[in-house]
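Take a look at this one; I'll ask things after.
As written, the chains take the letters A, B, C, D and E, and residue 1 is the first residue of each chain.
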Amino acid sequence: MVLRTESICKSFGSLEVARDISIELPQGARYALIGPNGAGKTTFINLITGQLRPNSGRILLDGQDITATGTAERVRRGLTRTFQINTLFPDLTPLESVTLVVCEREKKAGQFWRSLASHREAIEESHAILSQLGLAEVAMKPTRQLAYGQQRLVEIALALATRPKVLLLDEPAAGVPKDESAMLFEVVASLPRDIAVLFIEHDMEIVFSFASQVIVLVAGGVLLQATPDEVKEDPRVREVYLGRGHG
Amino acid sequence: MAEPLLELKDVRSGYSDAVVLDNVSVSVGAGESLAVLGRNGVGKSTLLLTIIGIVRTMRGTIRFKGQDITRLSPDKRALLGIGWVPQEREIFRSLTVEENLTVASRPGRWNLDAVYALFPRLKERRGNMGDQLSGGEQQMLAIARTLMTNPSLLLLDEPLEGLAPIIVEELTAAIRRMAEDEGLTLILVEQHADVALRLTDRAIILERGLVAHAAPSAELLSDRATLDRNVGLKLESA
Amino acid sequence: EDTVKIGLILPYSGPFADAANQLDAGVKLYMEKHGDTVAGKKIEIIRKDTGGPNADVARRLAQELVVRDGADILAGFALTPEAVGVADIANEAKKFTVLMNAATSNIIDLSPYMVRTSVTIPQVNYALGKWAVEEAGVKQAYTLVSDYGPGHDAESSFSKGFTEAGGTILGSDRTPVANPDFSAYVQRVKDSNPEAVYIFVPGGAQPAAIGKALVDRGLAPPATKIFAQGELTHPEALESMGETARGIITTFHYTLERDDPLNNEFVEGYRAANNGRSPDLFSIGGYDGMHLIYEALKKTNGDASGDALIEAAKGMSWQSPRGPMSIDPETRDVVQTVYIREVQEVDGKLQNVIIHEIPNVKDPLHGASN
Amino acid sequence: MVIVLFDGLAFGMLLFVLSVGLTVTLGLMNFINLAHGAFGMLGGYVTVLLMRQYGWPFLLTLPMAFLAAALVSVVLERVFFRRLYRAGELNQVLFTIGLVFVAAAGATYFFGTGQQPIVLPSWLRGSVEVAGIRFGSYRIFLIVVSLIITALLFFTLERTRFGAKIRAAVDNQRVAQALGLNVERIFAITFALGSGLAGLGGALAIEIVGLDPSFGLHFLVYVLIVVSVGGLGSIPGSFLGAALLGIGDVAGKYLVPELGSFLIYLLLVAILLIRPTGLLGKR
Amino acid sequence: MLQSQVSTPAMQPVAWIRRRNRWTIFEVLFWLATLLPFCFFPAYLNLASQIAITALFALSVDLVLGYAGIVTLGHAMFFGLGAFTVGILSSRYGWGEPISGLFLAALVAGLAGFASSFLIVRVQHLALIMVTLGLGLLTFELGNALSWLTGGTDGLTGISTWNIFGYFRFDLWGYTAYSYSLIVLFLCFLLCRVIVNSSFGLALRGIRENVKRMPAIGSDYRWHLRVVYTISAAIAGVAGALLTQTTNTVTLEVLSFQRSADVVVMLILGGTGRLYGAIVGAVIFLIARDQLAGINPQYWFLWIGLLLMFVVMFMPKGILGGLARLVRREE
């Protein structure tokens, strides 16, 4: 198991947003995390990546307890996420943003004595990542000037540039048109098989075609973990989440 | 024929360093609903921003309810009855959910009870600060907040994004009700072309800043070739 | 060369602008009265603003005055650090330098070209300390001073005079320089219930504030004597304190209300030229500073070199609106009468009334160190 | 000890009246208004002028101080400030500092560099003796006034829709506008309110801290401390922060006078490190 | 015809980044212009020297404010530490060698910067400003409390700076002072320029743009902040040391809030986040001040105030930002 959580609990005041969540993510996983709005999916990712601290429970990455580790350190150990609501560097260009990530990953970001241009490999790598996501054309425009959908892609590019072992995607395709979101998921799908991916998505078509396992979260607790087909048929899931339309 | 509720004539608009829309002419009659389709970054959001007045109209005119509103500020346009739901939700972070709803509310059919009935989730979270909501809840709040102003023309920028399927179902039903039963005029920007086309009477496709194609929604829904060519959208076969 | 240029370095802007203005007005008044030519030379004033206590700026301005403007005499210096900053330049350029206010004793040792026409803090406060025991019969006192150079000097010189004469200091506190509220300190004074309290705060808004705080606690004459340096009862402070100021005893070298023809003429002229504003210690420092420059120039016959002027200035004595004064030929420091005053009602108005005069007072620290 | 607490509270209330206007302009509107003190100074000079030149009673001059500062601020807001709301905090800093300079020059020109004392009515002078302890009358007055201001502001800003409108407009100007809020008017009114309060604070403070052209800069540090310790935009926060600072400062000076000048800054740093958003701040 | 999709012609990414960092003709001209006072304004060399020192101080602030987004109102703390380091060294211990003094000042101020950086990185926004302000004021009060060491408000007396390399004497005209300050300024500028154009500089801009994202890309941004704060403090210390050495005076004022605030004003005036803004701001502010105060010592700040207001209204990115916009429009 690359990533394991053991009985994670978290509450905001009286609101329990994570109840006893234990999940396992094996190498190469392509898991989806679904559930009604406000079920606690984003919170769960915040807990795994360290933006929030659980009230109880443990998080293990590669068998090591990282519950008390800082976010940045988790990223360096290969646990990366994207944000549901764009969290970018508005005045940097995508090229600069991604290069920054690569430099951080290579531990070169602290080298204040070396010019940025001399990190040729880093720049080229980030350009390659951007090209892969179809952002080559806008790579040298300030991020703030990109359309929303393009910014969503930059969000993914930043995550990919950390070379994660575990990639947590929070509604990566929201706001990206159909054909591009398919492309995006193809990029995700074609990531090396040793990367485990957990993605939140409300678009069932994507969930059912890219996920090997689906975890359903309701009111902070895991309702069910199963294959897409099983989930599709589960009456409880239909009741609280899918509605009539999918079947 | 009566004058349309909203009419854009040869509008050019954009940002200080880029013209995004040029020569766009659109008109929407009262009670009509219009879908705006197009690729990423083509200017769909900019069109809505131009109508509400956040993006400056550089050329052309916009008329609403028979009045030239090209030079009016957004708040004046809102008071005339235009309501806009931003793509990025843009919830007021330092207001509670309920304050978000009431801060700009104007009397009409949509009041707290009505929006809470539409989105029960918001009622549960009414005391939360705006930035302590989940993504989907923010989306609901953004829609509800605009409904509370009781607009006669509703501009929706990808309103279904980030909502659970069951909520999408309810919301589309509600939108259809608004359009069909209450005669609300609607402009809907949506990535899910099929959903958008089923909800609306007419549709336009934007392409490189121009209206590349305009047709009744039902017709377009079956004209997959045009959709594929102009929008590059692969339709879901739902 | 028919002009003598005087570079006047003062904090015209910033928190000490008022001091600069008053001093400058004294300078102007003197020149109006005595003309702008002396010993056949035209006097030209070049005004430079330091913007506050800014030693480095003062120094640079002095440098510029010397190299760029060709100034012959440096003058002004409302603030000690600015005088300190300039000492080097005075030495190197050999310029006659007149301290028209800066009141820390030892700065005058920094340059043999410096003279002072104002006052030193020990000069007035040492005398007060002695007087308090010897004449007023006070046996114990508490001191409360602003926590900065002048305050420290005031504390030590008052205490020195006071204890030498046989008094005891019950306690001493120092208040922050920019202190808007004195209640805590005043309460401490009250707790130790002294016979008298000695105060030193810079002019401006603090005198009234501390005065009121004392009285609010019932620390007021005659029950508790209040001693202070003259700033405490400057006219605006008196107005603001009102009744509560009655009986406060202060020591100073200049008393606005001193009934003396020279002084009356000075005050009248000053008020006429300044919208009714009265002169204060800065004004008199500037006024006498100009007098010294004029007289020294007369003596040297217009020779404005530093060496000539400083020799001429040494030992000079004259009648000033403040009373008789002279320049000590050895220390180049000011020697003058110290007045002990009490706030009393005169013609329905509270003012500082002289109750004792101590003539020919030298700076006691200098006396000791030299 | 009672008297020390009382004095501390009174000193706190002095800080409060000086800074409450800034809680509105900086705290609520997010506008870095370093000219706050200049508006305070304006209020102060209005009071001085009315009392000295025209013999108005002190209490009557207070509303005038408020109005004058509010009026001037509306003009400035319409002409300048409204262009600065979105110009970034650094521009706001630079502009308002510039304004402070201009205000100081103006005050020097019209009123000279000297102190401007006022003479209070006799019922505000001296002290009241209760149970053998003497409480300064003006200090009692300050405490009462502060409580009234706090209550009034709390209800108008945090319990009415107007308060929500301000916060909405500050949070996201363009969306607020697009929802039909007249952002310009909201800002103008709020700014006038903040500046008016500054003017009132200036007038109330003369008695204790005096008034001269450097007033605008002199208390800047103190008011910034109060606003940040109280928590941005929270009126009760400012009140609490001011009271805490005042009592801490006075009690500290009383007990450990050697630390006198460090106290308020130590409190500042300590509180902010523990609660970076201030005592009651949410942002 | 339609521009939305048209972007800059494809350029090699490495070349694009390199081009942003290249020396321009403006820069060369700028530094040549700093030599003008020697030939044309010899009577202003002392002023020029103080401008260079202030510019260096502003430069150190730009590093944290303009690049890392740390708005500081307490940087005089480091300036003053540097100033006092060499001041005390000379007046108390008789060591007045300038170059070693600079290094020592940098060391002391840098250490203080490093120590305080632990507090600085814990807070943001207003709290950050206020913590820097609080620390600055505490240092000032400490300096006052230690008046036996610092000379208090009256300042230290008896400072004498030795000749540079045992040869160049600090003259009354300020030839040596200006040459010395200018060279130090230039060297520190080179250092800053390297820093901001490095990957570290990019990380700083990342922090300024969105701190929240930094940990999520694996960045230990607090460490970056600590490093830049320390470097900046050291540079500020050097500036302070220069002031003491070129004027042989040091008073508490070097630690004052006024100095911290002034330098920020100058920096914003010139334009933040572009290094030259710091220098231009100091030059314009101090020259304007000197000239205006020369004309009217009592009201010069009226004109300075109007200047600041004018710049904000018409050049919202500072003077350099305004110039840059003009130049771009020309192109």
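In this text, contacts are C-beta pairs under 8 Å (C-beta built on N, C-alpha and C of every residue); 3 or more make two chains touch, one makes a residue touch a chain.
Since we're looking at a predicted model, the values are computed, not measured.
*Asks:* Could you compare the number of C-beta pairs in contact for A-B with that for A-E and name the larger?
*Replies:* A-E
*Asks:* Compute the centre of every chain as the mean of its C-alpha atoms, then state which one is farthest from the centre of chain A.
*Replies:* Of all the other chains, the one whose centre lies farthest from chain A is C.
*Asks:* Select the chain at the greatest separation from chain B, using centres from the mean of Cα atoms.
*Replies:* If we average the C-alpha coordinates per chain, C ends up farthest from chain B.
*Asks:* Taking the mean of the C-alpha atoms as each chain's centre, how many Å separate chain B from chain D?
*Replies:* Roughly 44 Å, centre to centre.
*Asks:* Which integer distance in Å separates the CA centroid of chain B from that of chain E?
*Replies:* Distance between chain centres, rounded to whole Å: 50 Å.
*Asks:* Distance between chain C and chain D based on Cα centroids, please, to the nearest Å.
*Replies:* From the centre of chain C to the centre of chain D is 35 Å.
*Asks:* Approximately how many whole Å separate the CA-defined centres of chain B and chain C?
*Replies:* Computed value for the inter-centroid distance: 75 Å.
*Asks:* Which residue numbers or ranges of chain B touch two or more of the other chains?
*Replies:* 18, 41-42
*Asks:* Which chain D residues reach two or more other chains?
*Replies:* Residues 108, 261, 283 of chain D each touch two or more of the other chains.
*Asks:* For chain E, which residues count as touching chain A in their complex?
*Replies:* Those in contact with chain A are residues 5, 7-8, 10-11, 13-14, 16-18, 21, 194-195, 197-203, 205-206, 209-210, 212-221, 223-224, 227-228, 231.
*Asks:* Per the contact definition, I'd like the list of chain E residues that touch chain D in the complex.
*Replies:* Residue positions touching the partner: 71, 119, 122-127, 129-131, 133-135, 137-138, 141-142, 144-145, 257, 261, 264-265, 268-269, 272, 298-299, 301-302, 304-309, 311-313, 316.
*Asks:* Which bits of chain D are touching chain C when the two form their complex?
*Replies:* My answer: residues 3-4, 7-8, 10-11, 14, 108, 112-119, 125-127, 134, 136, 139, 207-214, 218-219, 222, 246, 249-254, 257, 260-261.
*Asks:* Could you pull out which chain C residues touch chain E in their complex?
*Replies:* Interface residues on chain C, with respect to chain E: 10, 12-14, 17, 21, 47-49, 51-57, 59-60, 63-64, 66-68, 80-81, 84-85, 87-89, 92-93, 104, 107, 110, 147-150, 152, 176-177.
*Asks:* Which residues of chain D touch chain E once you look at their complex with the stated criterion?
*Replies:* It is residues 26, 80, 83-84, 87-91, 93-95, 97-106, 108-109, 221, 224-225, 227-228, 232, 258, 261-262, 265-266, 268-269, 272-273, 276-278, 283 of chain D that touch chain E.
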